[in-house]
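Two complexes come next, and they have one chain in common, chain A, joined by chain B in the first and chain C in the second.
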Partner chain A sequence: MSIYKHHYRAYTGRVTPIWTRIFALARYGLAEAWSTKITAVLFVICLIPPVGFLFTIYLSNNPSARLLMGTVGTRVLAIDGSFFLRVLTIQSWLAMALASCIAPRLITLDIVDNALPILLSHSISRFGYVLGKYAALFATLSTVTWVPCLLLFAYQGYASPVPWAASNLRIGVGMLAGALIWIALISLLGLALSSWVKWRGVATGVIFAVILVPAGVGAIVTGVLHTKWGLLLNVPVMMSYLWERLLDVHNRIDNALQLPTMAIVTMLALGCCLSMVMLNTRIRAREVVRG
Partner chain B sequence: MHWKSSYIQGTSGQWETYVNSMGTVELDALEVRIGGRTILDRLSGVLRGQAIGLLGPNGAGKSTLINTLLGFHRASSGTARIFDLDTYRDRAEIRSGIGYMPENDSFIGNMSGVHFVRYMAELAGLPSTEALERAHEALFYVGLGEVRYRKVNSYSLGMKQLIKLAQALAHGPRLLILDEPTNGLDPIARQRMIHLIQEIRKEGSVRLLISSHLLRDIDETCDEVLILKSGRIAALCNIEEERRSNHSFMELETAGATDKFSVSVRGLGCECACFSGGRIKLVLPEHIEARDLYRIASEQKVQIRKMHVRRDSLEDIFLRAMDTEGERPAHVHL
Partner chain C sequence: MMQQADPGLREDLMRQPWALWWLQAKRLTQIELRRNLFSWRASWIYFLAFIPTLIISIHSIVDPHDPTSISDDTQMLASIVHLYYIRLGVFFGCLGIFSRLIRGEMIERSLHFYLLSPVRREVLLLSKFAAGSATALLLFVTATLANVALIYLPFGAAGRDYLFNGPGIEQLEAYVLIIVLACLGYGAVFLLLSMMFKNPTPGALLFLGWEAINPVLPSMLQKLSVASYLRHLMPVNIGVKGLIALLTVETEPVAGWVATLGLLLLITAVLLYSCYRIRTLEIRYTTE
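Let's turn to the complex of A and B:
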């Protein structure tokens, strides 16, 4: 083809390896996700708490500031597992809000405009398609969860007058693991629910509802039947338990309501599996009419 | 397998020789069952044409065959091969060299035309810069150059058809699969689409597989046709050869000693039927030509006032294929 002559000509140039096409999907997915101001505003909001926590770490390692704050300062400015648990929890829930905004933009547009037959007619498998979208979401959510968490951890290690990082390595590893588990769950859930809902606004609501409504049901089950197993429907509580165990923080939990780690992991894995089944059913080049 | 993969991705110079010897699409007892129903029933044949037409009534299995060739459906038994690559096992390699224009609307409406075509070209394996360049070229080529920065969902139906063609062309495919390319187009837009397809065919580097309900579209663009009926092959033939082999139907309008003339013509080995008004219908054997008839007419002082040689149209071929009710030929020569 030529713009001036308007003739067709075959392409004879370089071709990229097939496995790299997933990155094209991820790149275009990211561009789509960031094409709206809502995403930018949410992203900025997500970065405000880390700035506050950074200032707290600075103050806690500043002798003059500690002296000025006296005994209150010792309690408020304690940089330990509980402090980083607070960081992780806040960042994770902000990431949830960001995911509920981005995930529908990544997948709903393709479904609504019936773009899948064209997209999947290229050298992209259905798994590759989901992986590309997942990578876009994962990358965005990483920038507001484990990346700032680990940067704060590194800054505390640097600013502390005594060797701190090596003796508290469990906190760093725990934050990384906890954030990755959370991102994996909400990314899959977000993509799966978005693939089933046509309207982006509704999809955002549905993502929140799927987290919060079972939590309410779980609380009712726990209250009425006096059993801790109702909490297995409560994702926020399950994640709190998991994060506390990962960061080795034990000071806030009522022992009677403790859930076994294996039960929590099983429930989260079930959620991921269900999301994958939903994606497998929905992400197809063609609808198969049975019967 | 590696060298075939490089062929399909357009990096080998031996491409044409290879395709001509092997055929574009090879079906070997291909059976596809979906939801317990047999949609394609033991299809066998080799499609070698530069432009292959896929004809058949609704529910004949055209779209299922295209989806199987794209690797969307797995063969229940038998095989389908494109450029000697298995359509399911080697679908990633095959898709790299295929441009697909689906029947229904299929695009990302929120993107501008050039952004969408570039995206598709990158997914097909073009590096980002080349993809952008080819996207611009493809859009100008199909006639959407002036509207390439508009969002796709603001395009008219005809423009949407054209952008589907542009994205299928942008990466320079070896095989272009067009599913109902003139669907919903007005006569002028249809003519433009047909002209584009003819031009692509003439360029020679792309094989075409065109599915359509419209016999005229296939007639104007294809040199080979595969006719499906109820999931079976009703006919597989080279349109040009069929036309050449059926040039023997002739209608004459004569004046003079018609009876004597018809007896002499029968003597040449022609089948002949006489009608009132000097009209004669003939089926000529291969070795008889029009000049033989003129010679006899001259000898017998018969005037030939009108001579009409009737060729088989694609419609005749299609209707005959549809008439083969009950037969199950795997490969029918008309």
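Let's turn to the complex of A and C:
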């Protein structure tokens, strides 16, 4: 092809810093995630339990309410590590439902519509692309996990008639760490699985299946082969153990079935590494043309 | 009037091209079966079906088999069928198989080829259901048979005696019946969901939640669940512990044939509604 115009020159103006470019992807990712009603509905559902917990904290710190409830009230309205463990567990599983809805929207459409070559032809790396999508998912999940958990912690610290927050700082830090570990894991897992499944609907199911089916397999290994190591396939159990330890809550589970923290962390890290390998294989500037 | 209407209906039914429909259904089922069973994409269903078999085979090789522990292994097998196969394996397997049959073809933009061919839509739907059911049954029933064999045969004479002269064979029949009904029940529900919704998974996950909380619901609502019928067919009581046991609403024990008939009626009703839905099914590929 002949080129007659030779006065094109490379852009010499101010260039956006590389690290800020991922925010463009994150912004568009957030807009995509929130473009459906189902995300809004799920988000509202995720915020219902914190409202209930807030009311419980209010009642717990209200002398009239405690007096009315008598001795039962002291037990039911106890605001301690177990209470916040319940908050964290419920919020984390709701976040999982939200992630299974949002993650496929962020990545599946780009892959199915062969948009990756176009996106990656811009001045953004594959790592930057994944980081942008990850940031969008991480931010959304944060609003239903550690943010409400810490707000409840802060409210308890404010409402308590005795100094509470300083002496229970372990609970707040534990909740933050537990929620961050969980959303880091499910965000990576969600993006990795979504990149491998071309049908958005199936991707949602696969995210749940990948958590629940190995849990069942792990239970079979534990039951049949009489070994506690089968529980390392059981993400819900592993996370419960981890959260209990982070919040310093004594569990009721048989000691023989306890897993070492290092083993749990190693398994979770392996899960993250596997997700990154899956993303690395799939997120490439290539186009699939079916004949 | 009734005497005149009956021969008319019979004549009408006799006049239908049953032979052609049968032939079409057979061909469609064969195509779907090949796609469901022998493609790389179907490998994950083999994993779902046979992973317990793999674990049990390790148990049969590694662990000693004292005849006194037959009851423990019986209990373990019941737990695997009830908690793994019904709740997870068959559920997710059927979700994958049956939601792909109609919605998957829409995504791949190939359903219109079927709809444009001179095949009745009901024949198309029922053939796809038959193919999906055959796939699920072949895999999960084979896995169940293998599990039972691998649990009892390593016990030697005691295991064979339990299996062929004791309650073993009745339990095996019950497990196979449970797996068959679970595959058909979940299959019918997921096929309908895949026609009703663009994304059937949230509906299926709500259904999973419904099945999970079903034991704590009033007995009337328990009838609207696949797992509640299957629970009555379990040959071994696995019992529930903890808070769930406290909340569980114990319903009247139901005879096996009543539970089977109830579930078959549920499956028939769902399939009839699916046949009604597919008559008015429209495809807009631009919105898929």
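Note that in this section the second predicted complex is superposed on the first by the 270 of 291 C-alpha atoms of A that agree within 3 Å, B and C clash if a C-alpha of one lies under 4 Å from a C-alpha of the other, contacts with A are read in each partner's own complex, and residues count from 1 in each chain.
Please note the rule applied: a contact is a pair of C-beta atoms (placed from the backbone, for glycine too) under 8 Å apart; a residue touches a chain by one contact, two chains touch by 3 or more.
Just so it is clear, the structure is predicted and the values come from calculations on it, not from any experiment.
Residue contacts after overlaying the shared chain place A:Ile45 against neither chain B nor chain C. When both complexes are overlaid on chain A, the residue A:Phe208 reaches chain C alone and has no touch with chain B.
Judged by the number of chain A residues each one touches, B leads among chain B and chain C. In the superposed model, A:Arg200 lies in contact with chain C only, and not with chain B.
Touch criterion not met for A:Cys273: it reaches neither chain B nor chain C. Once the two complexes are overlaid on the shared chain, A:Cys101 sits against chain C while remaining clear of chain B. In the superposition on chain A, contact is made by A:Ala219 with chain C only, not with chain B. No residue of chain A lies at the contact with chain B in one complex and also at the contact with chain C in the other.
Listing the residues of chain B that touch chain A in their complex gives 9-11, 34-37, 67, 70, 72-73, 92-93, 95-96, 98, 100, 102, 104-110, 119-120, 122-127, 130, 134, 136-138, 140-141, 145, 153, 164, 167, 169, 171-172, 199-200, 203, 205-206. Interface of chain A with chain C (complex): residues 38, 97, 101, 198-202, 204-205, 208-209, 212-213, 216-217, 219-221, 223-226.
Interface residues of chain C, counted against chain A in their complex, comprise 48, 51-52, 55-56, 58-59, 62-63, 76, 79-80, 83-84, 87-89, 92, 95-96, 99-100, 103-104, 107, 198-202, 204-205, 208.
Chain A makes touch with chain B in their complex at residues 1-3, 6-16, 18, 21, 24-25, 28, 32, 109-110, 112-125, 284-286, 288-291.
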